[in-house]
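Down below are the structures I want you to see.
Each of the next two complexes has chain A plus one other chain: chain B in the first, chain C in the second.
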Partner chain A sequence: MRVLGWIYMALAYVFVFLPVAVLVAFSFQDGRLPVPPFQGFSLRWYEKVLGNDDLMAALGNSFLVAVVSSAIALVLGFLAAHALARVRLPGSVLMRGVLIAPMTVSYLIIALGLLTMFGAAGVKLSLWTVGAGHVVINLPLCFAICFAAMGDQQRSAERAARDLGAAEWQVLWHISAPMLAAPLAAAFFLSVTFSWDEFIIAFLLTRFDVTLPVEIWSMLRSGLSPATNAVGSLVFLVSVTLVVALELLVFRRAK
Partner chain B sequence: MTLEAKERRLGWGLVAPALVWTGAFFVLPFVAMLALSFAHMEGRTVVHGFGAGNYVRAFTDWTMVKALVNSLEITVLVTVVSVVLAYPLAAIIAFRVPARWQRLALLMAVLPFWTSYVVRSYSWLLVLGQNGVVNKTLLGLGLIAEPLEIASTRTATVIGFVHFFVMLLTLTIYANLIQLSPNYMRAAQDLGAGRWQTFRHVVLPLTLPGVVTGAFLTFVLCIGDYITPQILGGNAELTLPQLIMLQMGRSGNFPLASALSVVLMGVVTLAYFLSARWLRLDRL
Partner chain C sequence: MTAGVSVRGVSQRYGGALALDDVSLEIMAGEFVVLLGPSGCGKTTLLNLIGGFAEPTRGQVLIGGKDMAGVAPKERPTTTVFQDYALFPHMSLAENVGFGLRMRGVAKAERMARAEEMLALVGLDGRGDRRPHELSGGQRQRVALARALAVSPDVLLLDEPLGALDLKLRRAMQDELKAIQRRVGTTFVHVTHDQEEAMGIADRIVVMNGGKIEDQGPPREVYMRPKSLFAAGFMGEVNRIKVKGGVSALGMMAVPDGVLCIRPEAISTAGALRLGPCRVRDAAFFGGYVRAHVVPVAAPDMVLVVHLPQGAEVAEGQVLDLGASAHVVL
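What follows is the complex of A and B.
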């Protein structure tokens, strides 16, 4: 029974890692196709990818959209969570429901709705329209994480600060936010990765400036290529570095 | 002004930005889409009006009905398989792996989560394709004579989805299992329950809300996804999101695409009510 458990775990890891291993391995393929047989080790696809201006522009766009939209989502989510956790407001259950609602709606529907509205209002599609959509998908997440993290411990500290004459923004900035540093960082980081990786909203709501997933999508249209593997491997490397850094910096310290 | 009134005004001020944003970029667009779904096309122009024609088509046109059925079949299969595969993995990590290694084990189990979503589906194409790793290996071992046709089938779509959701569910189920006090299990065993009975009557009921929440999330993300079926399943059989994209792209029929989206949302809402009893969306 015990052995069976370990075997199961090993098989699960193989399943989970198989596509990534294949992806990374064949990004070094010295040939035109990223499938067996492996024809030798080469870095030329990385060279090609890093010299591709469209890809690098898309990378920059993705980064910009991810950071800006996540920051907005985090601030809005944090303020709303603070209000709903601390102040007794009429209709607070309904408000919580409205704020969480986008989480249960497919990105495709959110994108189509925004496309319809922007079209009717004559708003030109750009990275800003994508960013607005990304705030919509990340706001519920930021709100939920902040709301769940608001405890009684902070409440006392906040009250003490208020009694000592702090204005509300000072309470938020000097007391609440620092006490919630770990969940705030986690919410921001999760939002960044979701926005960074989001395809359908970015695909439908941009015209000329595209984000990285959309650029990769257009690479796929020309068939299998080790260049796509190289891009994928690079994105993976960057994300994993971020995850490990976050793990070491934020969560270790939080304990 | 009383202290309470002042505090309340402050509360409104803090919650307002988030509500306004959600209203302007989520509720309003949805209303616009809903309105558009009752319009119809004349040639290539949208004629606004109030007709149910698109909805009639969504439920009578065989292509549309088939897409809805495909989506439902794939999503239910993916959700069930993912939960069944993820639960034991989460349990092994939570109960068998020594405490100090658990975070690492979990991090490793979900590491591929951090590859780009588009790239992940593409990677499965390299594994499952006609010249892919699986076929080349099986051919090389002499186990098959002809390459298996997995890519561009429903199987490939399901494998791609299950891969993603096993990771997601392992995380959520682990988070629930680790919160269980070991005393419950000890108590059950002291009272003479076997392993299976302990699981069936203690562990499973206590983790059910977490499992259902994860399963609901899987359902929502899976049924609304365009990328995985498009890359791995191809165009042989369409899912609802693929059909919606097709209506928008090729035919420019936004009213019909909107109506199909409303149907998609209706299905998700139905799933929500079916699982609402156990759902804890604010405690993910």
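What follows is the complex of A and C.
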């Protein structure tokens, strides 16, 4: 039975990671197509990808959108969570619900809604509009993580800080946020990974400057190539790095 | 550095419940006042009103002669030592203690020097770079005290600061609190439900119950001459004997009508107010005294608690002729 358990586990991992492994393996293909047989090891596709200005620009755009939109979503989510956890407001349950609701709406619907709205308001599509879309999808996540982390320990520390002469912004900056450093970092890194990988909103809300997933999609339209595998491997590497950093920096320390 | 507090006709309503009912209290500058009472008596509510964490429904709070209506905690010349310490876990002890000064814009070098000075005051000198989680409960309490005193408040509010400590540590800390208060001269308003702690530290004890002040005065006076039955009972054990028209269950007694209250240690074989012969039901040696339950021969339904001198040898069933050396009729 023990052996069966191990086999089951191995199969599960293979199921999850085989596609990624294949993707990464054929990014090193010394040939024109990323399909078997493996014709030899080469780094030329990476060279090509790293030398592709459009791709590198898209990579930079993705990074910018991810970091800026996540930072905004985090600040807004944290402030909303703090207010709803600390102040008794009429209808606070409803407000909480409405804040979290966008989580249940598909990205496609959010993108279409934003597209219509920006069109009506005469806002030109740009990285800013994608960023706005990513704030919309990440704000509920940041809010939920921050709200769940608000506890009585912070509440009494905040009270003590006010008693010692801290203004409200100083309470947030010196006490609430540092005490919640781990959940805040978790929310930020998760938001960055979601924004980094996001395609539909980025596709519908950009025009000339595009993010990496959109650039990859346009590469795919011209057919399979080990170059797309190389890009995919790089994207995967960044995501993995983020998750590992999150694990090491935040969760390890929290323990 | 120090200021008096004046509470005038203050009431506080939480929903339908009246937490404080028309309370007035004058606290002198530099005084160590203890608000004593059971949970729910309004003592913490009163402390919160002085600290500015709540506004009274009716009445006025003045500190140093200034009306505090609408003044937020951060603007008040008060700081608080909280029961749960409320230390900042992400800051070192020195940063915790220096926090109030930092909020007042004091330069780093100066506030670190002051923090070290305050840590020395509470016996934690040289440990400024530790973190709160490295400390024991008693040490955390000291840091909370140093932090609250570092900004030189006029009035220090202490909300059951020793409540989370074990008995032995509590007794040691209360002596220290008293010594620190003498040294800094700040007005201390201390909330507790432990009457021994109250007697150990207070210049004046304010006994509260049901949102009202039952009695107040120096420990000796509140203990020996309480002004209400509640205060008598809360300050320590008391024997109650009803007297009407000079007659009680024990016979004739030359005291006014009311409830005759006698502390267990006031009863002995001497004593001017004679209680008559009493049979010892049981006795136990308590170290400093011998605690006995006695039944008056004249009133077999009554049981009196008596603390006899350490050397007293009493046996069960023995009959003693007892009297009270001190009493109060309420």
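Note that the second predicted complex is superposed on the first by the 253 of 255 C-alpha atoms of A that agree within 3 Å, B and C clash if a C-alpha of one lies under 4 Å from a C-alpha of the other, contacts with A are read in each partner's own complex, and residues count from 1 in each chain.
The working rule: a contact is a pair of C-beta atoms (placed from the backbone, for glycine too) under 8 Å apart; a residue touches a chain by one contact, two chains touch by 3 or more.
Keep in mind it's a predicted model, so treat the numbers as computed, not measured.
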Mind checking the superposed model to see whether chain B and chain C fit together on chain A or clash?
fit
I'd like to know which partner A:165 touches here: chain B for first, chain C for second, both or neither.
second
Quick one: is A:52 in contact with chain B, with chain C, with both, or with neither? Answer first, second, both or neither.
neither
Looking at the overlay, what does A:23 touch: chain B (first), chain C (second), both, or neither?
first
Quick check for you: in the superposed arrangement, does A:42 touch first (chain B), second (chain C), both or neither?
neither
Of chain B and chain C, which one touches more of chain A's residues?
B
Please indicate which partner A:179 is in contact with in the superposed arrangement: first for chain B, second for chain C, both, or neither.
second
Chain B, chain C and vertex chain A (Cα centres) - angle in steps of 10°
100
Touch check for A:82: first (chain B), second (chain C), both, or neither?
first
Chain B and chain C, minimum CA distance [Å, superposed model]:
6
Can you list the residues of chain A that touch chain B in one structure and chain C in the other?
none
Under the definition above, what is the set of chain A residues touching chain B in their complex?
2, 5-6, 8-9, 12-13, 15-20, 22-23, 26, 33-37, 72, 75-77, 79-80, 82-84, 86-89, 95-96, 98-110, 112-114, 116-117, 120, 132-133, 135-136, 139, 143-144, 147-148, 168, 193, 197-200, 204, 212-213, 216-217, 220, 224, 228-229, 231-232, 235-236, 239-240, 242-243, 247
Parts of chain A lying in touch with chain C, wherever the complex brings them together:
153, 156-157, 159-167, 170, 174-175, 178-179, 181
Under the touch definition given earlier, write down the residues of chain B that touch chain A in their complex.
7-8, 10-15, 17-19, 21-22, 25-30, 32-33, 36, 85, 88-89, 92-93, 96, 103, 107-112, 114-120, 122-127, 129, 131-133, 136-137, 163, 166-167, 220-221, 223-227, 231, 241, 244-245, 248, 254, 257-258, 261, 264-265, 268, 272, 281-284
List the residues on chain C that touch chain A in their complex, please.
51, 53, 72-74, 78-80, 82, 84, 86-90, 99-100, 103-104, 147-148, 151
